[in-house]
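Dumping the structure here so I can ask a few things about it.
Per-chain numbering from 1; labels A, B, C, D and E assigned in written order.
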Amino acid sequence: MITLGLLEKNTFLEAVNKKSGTNVLECYQCGKCVSTCPVSGYMDFPPREIMQMIKLGLKEECYMANSMWFCLTCSACSGRCPREIDVPAVMEAIRHLAIEENYRSENKKVKDIRKFHDIFLDMIKRYGRNYELRMMAEFNIRTRNLFKDMHLAPKALLKGKIPIGHESTKSAKAIQKMYKLAEKLEKDMK
Amino acid sequence: METEVKETQGKIFSAENPGITAPTDWQPVIMGILCNWCSYAGSDLTGTSRIQYPPNIRIIRVPCSSRVDPWFIIKSLQTTADGVLISGCHPGDCHYISGNYYARRRFLVTKKLLNFIGYHENRIQFSWVSAAEGPKFAKVVAKVTEDIKKLGPLHRYKKENF
Amino acid sequence: MNKLTYFPGCSAHGTSEEFDHTLKLVMQTLDVQMEEIPDWNCCGATSAHVMTENLALALPMRNLVLAERLENKTMGIACASCYSRMKGTKKHLDENPELARRINTTVIDEGEYKGTIDIKSMLQYCYEEIGLETIKSKVTKSLSGLKVACYYGCLLTRPKDITLFDSPEYPMSMDLLMEALGAKAMEFDFKTECCGASFSISNTEVVESLSGKILEVAKESGAHLIVVACPLCQSNLDMRQPDIEKHTGRKFDLPVMYFTQLMALAFGYPEKELKLPKHIVSVEAALKHIGEAIPEPEKVKKIKKAVEAESEVE
Amino acid sequence: MDYSKKIQEIASKLFADNKINYFVGYKQNSFDDSQVPFLITDPAEIPKLVFTDRSVFNLANYLKPDHTKRKRVGLVVKGCDSRALNLMLTESQVKRENIYIIGICCEGVLNEKGEKAQNCVECVMPDPVVYDEMIGSPTGKREYTINADIRELATKALEERADYFESIFENCIRCNACRHSCPLCYCAKCCIDQETSTLYHGANTSSGAMHALMTWSLHLAGRCVDCRNCEKACPSHLPLHLLHKQNESVIYENFQQHLAGMEKDDRGAFYKYSLSDPDDFIL
Amino acid sequence: MARVGVFVCFCGANIAGVIDVPAVVQEAKKIKEVKISIEYKYLCSDPGQQIIREAIVQNRLTSVVVAACSPRMHEKTFRKALLDAGMNPYLLEIANIREHSSWVHQKDKKAATEKASDLIRMAVAKSIANEQLHEISVPVTKRALVIGGGIAGIQAALDIADARIPVTLVEKSPSIGGRMAQLDETFPTLDCSQCILTPKMVDVASHPYIELIPYSEVIELQGYVGNYKAKIKKKASYVDFSSCTGCGACTQKCPVKVPNEFNMNIDKRKAIYTPFPQAVPNKPVIDAEHCTMLLKGKCGICAKVCEKGSINFKMVDEVIEREIGAVVIATGYDLWDPKPYEEYGVGRYKDIITSLEFERMVSASGPTNGVPVRPSDGKVPKNVVFIKCIGSRDEAKGIEYCSKICCMYTAKHAILLHHKVPDSHAYIFYMDIRAAGKGYEEFVKRAQVETAATYLRGRVSKIYKKGDKLMVRGEDAQIGQVVEVEADLVVLATAVIAPKDNPALARLLGVSYDKYGYISEAHPKLRPVETAKAGIFLAGCTQAPKDIPDTVAQASACAAKVCGLFAGDTMKKDPMISTINNEFCSGCLNCIKVCPYQAIVTEEIPLGHGSKEIRTVAKINEGVCQGCGSCVAICRSMAISLAGFTDPQIINEIVAI
């Protein structure tokens, strides 16, 4: 049971609204997003419930949920939302807030997804571009699941689906500089 | 609910009246122009609810805030009043459909113009008070009175009495 | 000759080489000169904006700045995901000039961001700039007999205020393009359902379920193959198909082709140019349908007869 | 900017075609290089017509009161003048079919010091917005900037401003030249002259002048086109534009960037409203 | 010289308990115009009024100031006292020293007393400028115009006509009956719509006080309350109604088939047609857009078969004029087109229909003889999914508001479906069930329990085809799961919207309408059946979505308003309205632009004394002006003054203290 006290100032709601540029209070719980969302079945709380949790100021519950990590940002929900709420933006806001405030879900899938994104960004940092085979391999090593998708590899490689060599932008340095500056900017903006 | 305003103590310095100080027992006069359907009814409700507010306001009844010509404000400031409060229906509630929208435009321009030529903006105030907002009317009057007490008596352009 | 700035995206040089290749062939036929952005970088894909705000804007901005230097009016983007990132970023930056100025400082070495370039997906470019009439005129080998299900994916037409192209729910541009090539576009309800793209590696379970549903409905529609305009869709639907078949126990056997491959075919390029061996699900059987006459379904015949009979009575 | 020849040609043609009874333009002053408004009924006087950057006055003023209801008039207008004309048309003060408007794409006129006048520097619309014939090439609408004097005064302390304006009002001699020179002050009887209204405070005092000038500027708020005829007419050289420009800037910033007379059928800002007008100044 | 009497009331202890009344009375005496200043315990009592009456006569007072409670309380009482003393009642002013002083400054008696004196000074000063005013009487033409012949218009017309007031009922289509005629059975009682409506339609046709003008439109309205003049365009019907017997031979033989809009285009009608069998008047009209004779000059079969020779292909539109005193707007509603719901495949799937289409199908007299069928293959559906809030409460695709009636008619449809196809099942996707109304919740319960309709709480997100079924996907929030329903037929409860012609009609009538196109009422709570323009009333869905009971109630309310308006030969009006001084009016006509009631018109007057030339000035229409004073404050030349609140009166108040 959750006890709801006097919600004098729902700072969580304010933070989410500000970051997402949308007003969560507009949600009237019709659930169209839930049945639209291709991954709502995998989420701890589907988008409709997340909206209500934000309204109730249940910050930690939101941060620890896997919902925003599962969001594919396919925008199907926001396109159909009768109140024109940008649901992916809300998910993204919670995600960023959770990262900023150092909340880490112990859910294996969430960890995998986070790891994937980290590797991906790291890859771009190093080469400026993404290189799929390396990406797959690194992901499998880091998630200790060496043989995942391995059955695909020979076929894909054989057919030339996934090339072995890889390229990088000439000015990977410029990218690295950009990373640094962007990080700094992020700090400054806080 | 009782609203009381403390007597302002000591000397009062007014921006519009440099060098002029007011006697300590000075009380400002505030000209209140209220629309009949919302604010006047609201001020009546303040009375029937016995909500107390400072006695400085003198109320004039007009049918609608749109009846208020800006020169009523100027005239008040030049003659009897130290400040003006004009109150009407909330946007969308106007008894005459759209009167307060026209009034709102004139009020903004008038307030800014008077401020521009040297009146403190707190001397010209506006409020939306509905017929149900008795407590709000008392609060508004208390605030306006307090603001104008801080500013002190108005002397400029009052050199000759009408 | 039209000139076009071209942003291929990482997968064009990887998994979707056939897309990149056939696109270049098709554009040659259509008399469009493509100028690839020199030294472009990854747009950041989903990962960047999932994790950080500024980087998600900085990565596409670098490409935009580089593209502006080429001084073409329009930039064409092959990959739907890149397209969405770049166009979304541009809209966001254009609406917040102050933010744009700040982000610009991270890539200032490349130049100043002006926001002058018009971004289009390659499908959009074919449909809006080149036009179906021109495309029709270049067809030398009609694809009649081939039934296709056009799959747009999520990002080509969504969100509507960013893409400003076609309907987000039931787009028709690719269908009309296929009809222009002579193929028959089937009624297909899952045109814009998500295939799970960004979880392609990290969460294959989701991808298989989503892509499975799409394949199922596409099969239902009676199509011989699925046409796509996005490398991520292609690889999810194609590469994962055997797995999906294994898990669901249903046989789909639905090849997944890029619209440019079919265009190239219709424009008379030999099959070897399509790089068909790269497909996990074999294309051969499907392409054999080209030239077949499509019979009128029984139901339609019946209804037509009934209508005629009724009108005679009156 | 010298369109004298062109205007003379047009005027001759208008008289020749019997399209007009009057023509209102500018004439060179005999004693200095300034110009004065010039009303012609006789085509023989056409050669005296001039138009240069010294043609400062707003000639729309000569259409009041009601002249055009009986006579047909040819008229030279600059951008700002044409905006005033637009308002006179909306407010049914002139008959459109009875005026022939020669609109000048104005490059700015000079002040008495020979510099480009301040209102021309800050001009938002140098091209005529209503005309039958246009002279020069239009350069389009410009960005609105808040008047430099207003900006400067806004930074001053309240009492300083109060003193400044009191000194202005003290110098007003209540001659009403401002009113007579304004094309939009066409009232049958000005409120200031009405004995029945207690508005008029006859004494020639700063408070009387303050009341009159404030009322006047509020009557022109959302209508004034910044032609500055009033200022040119003022014998005391009062900076009357301050009041108008202040109102204009408030109206521009708060009421959907309204600028008087820019469009056909534009009403003054006080004769319309928007639901989204600012409400935050109201308690 | 003014002679003012001041009367100060104790109001028991209400005033006297705080304010030093004798001191106030003395203070008032110091004002030079004040001839008499007295106090009394209760001025509003009979003896109190007697004191005022006597003082007026004895002191030959020119105006009276009563210092007592709020004018909103006893202004009428004291005005009557003045009248009884032979004085113009508008020479009264009230100083509100109770609500504005004694009750709100109870702790500061001195200040309260000073304030009371000031308020009296202000009232005295104002009263000096008061003028004698007289109630305005406006003559009335006792005939009402009802626009729209649906249930709202029918009810209003019948009620007005029953009071022996002539009514002109204008209907756009060939028959009255409106939307209600299209319905099968009505909630919550399930009585047959035709059975309760048709008798009323017949009554309209036969009522001696009702002039029914079908197939016509109002094209102009001039004048003001009690004195309107309306122009009505009778569209050419090409059938002479006076001789036509309505035998129907022409409609049988006509070879041209057109989609039947009465049946929501499910079947066909002819080019010469009566909209439905019970139509009133039961006379056919020719649809000029489809008749081959009118289009190409060939055919003319109807004329050949008509025994009475009633067909006249040369008929043209005719404009008639009526003088009327009041108008009732009852233009009804339209239904929203669900095309924007692309995710449902609206337009692509034939088996997605709107609720009105379903209504026509289940109607016993409908195109499918009362059995719902799938438009695609004509089969009777077993699983039917009803989706509510299509377009309603959807600002992204439709409109923001709730259409009010869909919850109820969807419950009705579920019940009707069960009646017509007993082995069927209804699934209803809803967001909220709004069943406020007499017997409504019970009715929904009937759908849920007796009919066992499955209610699923959620908005449907997608419909796709699987075989010949439609898969309807939505969340059922009650179990927190996404569900898919295999449907044979999907029925969309489309939103109620304002008729698209409403704004144009509102403009020509001079009434205001909201952003949705609904006609605006004068006050949302206290004047819900009046428009802001005096003498124009509204009934039914032209104002906002309504069900039948509400519509009928409002129509009767309109009738009561019209009858009240016509109760005397003239109407009395408060004299506190604006007047224009021609001499000062410069004719800028900005007052016309700000007047919310269109009470200001133009007038042409001589330019000067004896001048032949004219100038245009503004003129207040006394019958329409409501006295808000908007025009007064914007009139730069101060040509307008508002009686009771003139500039001198207000300025006197300002400078009095």
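Keep this in mind: a residue touches a chain if its C-beta (ideal position, glycine included) is under 8 Å from a C-beta of that chain, and two chains touch if they have at least 3 such contacts.
Keep in mind that this is a model prediction, so the values were computed, not measured.
Engineer: Could you name all chains that are in contact with subunit B and with subunit C at the same time?
Structural biologist: E
Engineer: Which chain pair racks up the highest number of C-beta contacts?
Structural biologist: Max contact pairs: A-C.
Engineer: Could you work out which chain's C-alpha centre is the most distant one from the centre of subunit B?
Structural biologist: That would be chain C.
Engineer: Please report how many Å separate the Cα centroid of subunit A from that of subunit C, as a whole number.
Structural biologist: Chain centroid spacing, subunit A to subunit C, equals 24 Å.
Engineer: Between subunit A and subunit D, tell me the centre distance in angstrom, where each centre is the average of that chain's C-alpha atoms.
Structural biologist: The separation of the two C-alpha centroids amounts to 61 Å.
Engineer: So how far apart, in whole Å, are subunit A and subunit B when each is placed at the average of its C-alpha atoms?
Structural biologist: 55
Engineer: Centroid of subunit A to centroid of subunit E, CA atoms only: how many Å?
Structural biologist: 52
Engineer: Among the residues of subunit C, which ones contact at least 2 other chains?
Structural biologist: Only 168-169 qualify.
Engineer: Which subunit B residues touch at least two other chains?
Structural biologist: Subunit B, residues with two or more chain partners: 75, 98, 102, 106, 162.
Engineer: Can you list every residue of subunit A that touches 2 or more other chains, as numbers and ranges?
Structural biologist: 80
Engineer: I'd like to see which chains touch which, written out pair by pair.
Structural biologist: Result for touching pairs of chains: A-C, A-E, B-D, B-E, C-E, D-E.
Engineer: Going by the contact rule set out above, which residues of subunit B touch subunit E in the complex?
Structural biologist: 4, 27, 29, 31, 36, 40-41, 43-44, 46-48, 50-53, 55, 58-64, 66-69, 72, 75-76, 79-81, 95-99, 102-103, 106, 138, 162
Engineer: Please give the residue numbers of subunit E that touch subunit C in the complex, ascending.
Structural biologist: Answer in residue numbers: 255, 257, 342-343, 345, 348, 377, 462, 464-467.
Engineer: For the complex, give me every residue of subunit C touching subunit A.
Structural biologist: Of all residues in subunit C, those touching subunit A are 10-11, 13-15, 17, 39-42, 44-55, 58-59, 62, 102-103, 105-107, 109-110, 154-155, 158-160, 168-169, 192-194, 196-199, 201-204, 206, 210, 235, 239, 243, 275, 277-280.
Engineer: Along subunit A, where are the residues that touch subunit E in the complex?
Structural biologist: 28-36, 40-41, 46, 48-49, 80-84
Engineer: Using the touch rule from the top, collect the residues of subunit B that touch subunit D in their complex.
Structural biologist: Touch residues, subunit B against subunit D: 15-16, 18, 70-71, 74-75, 78, 91, 98, 101-102, 104-120, 125-128, 140, 143-144, 156-160, 162.
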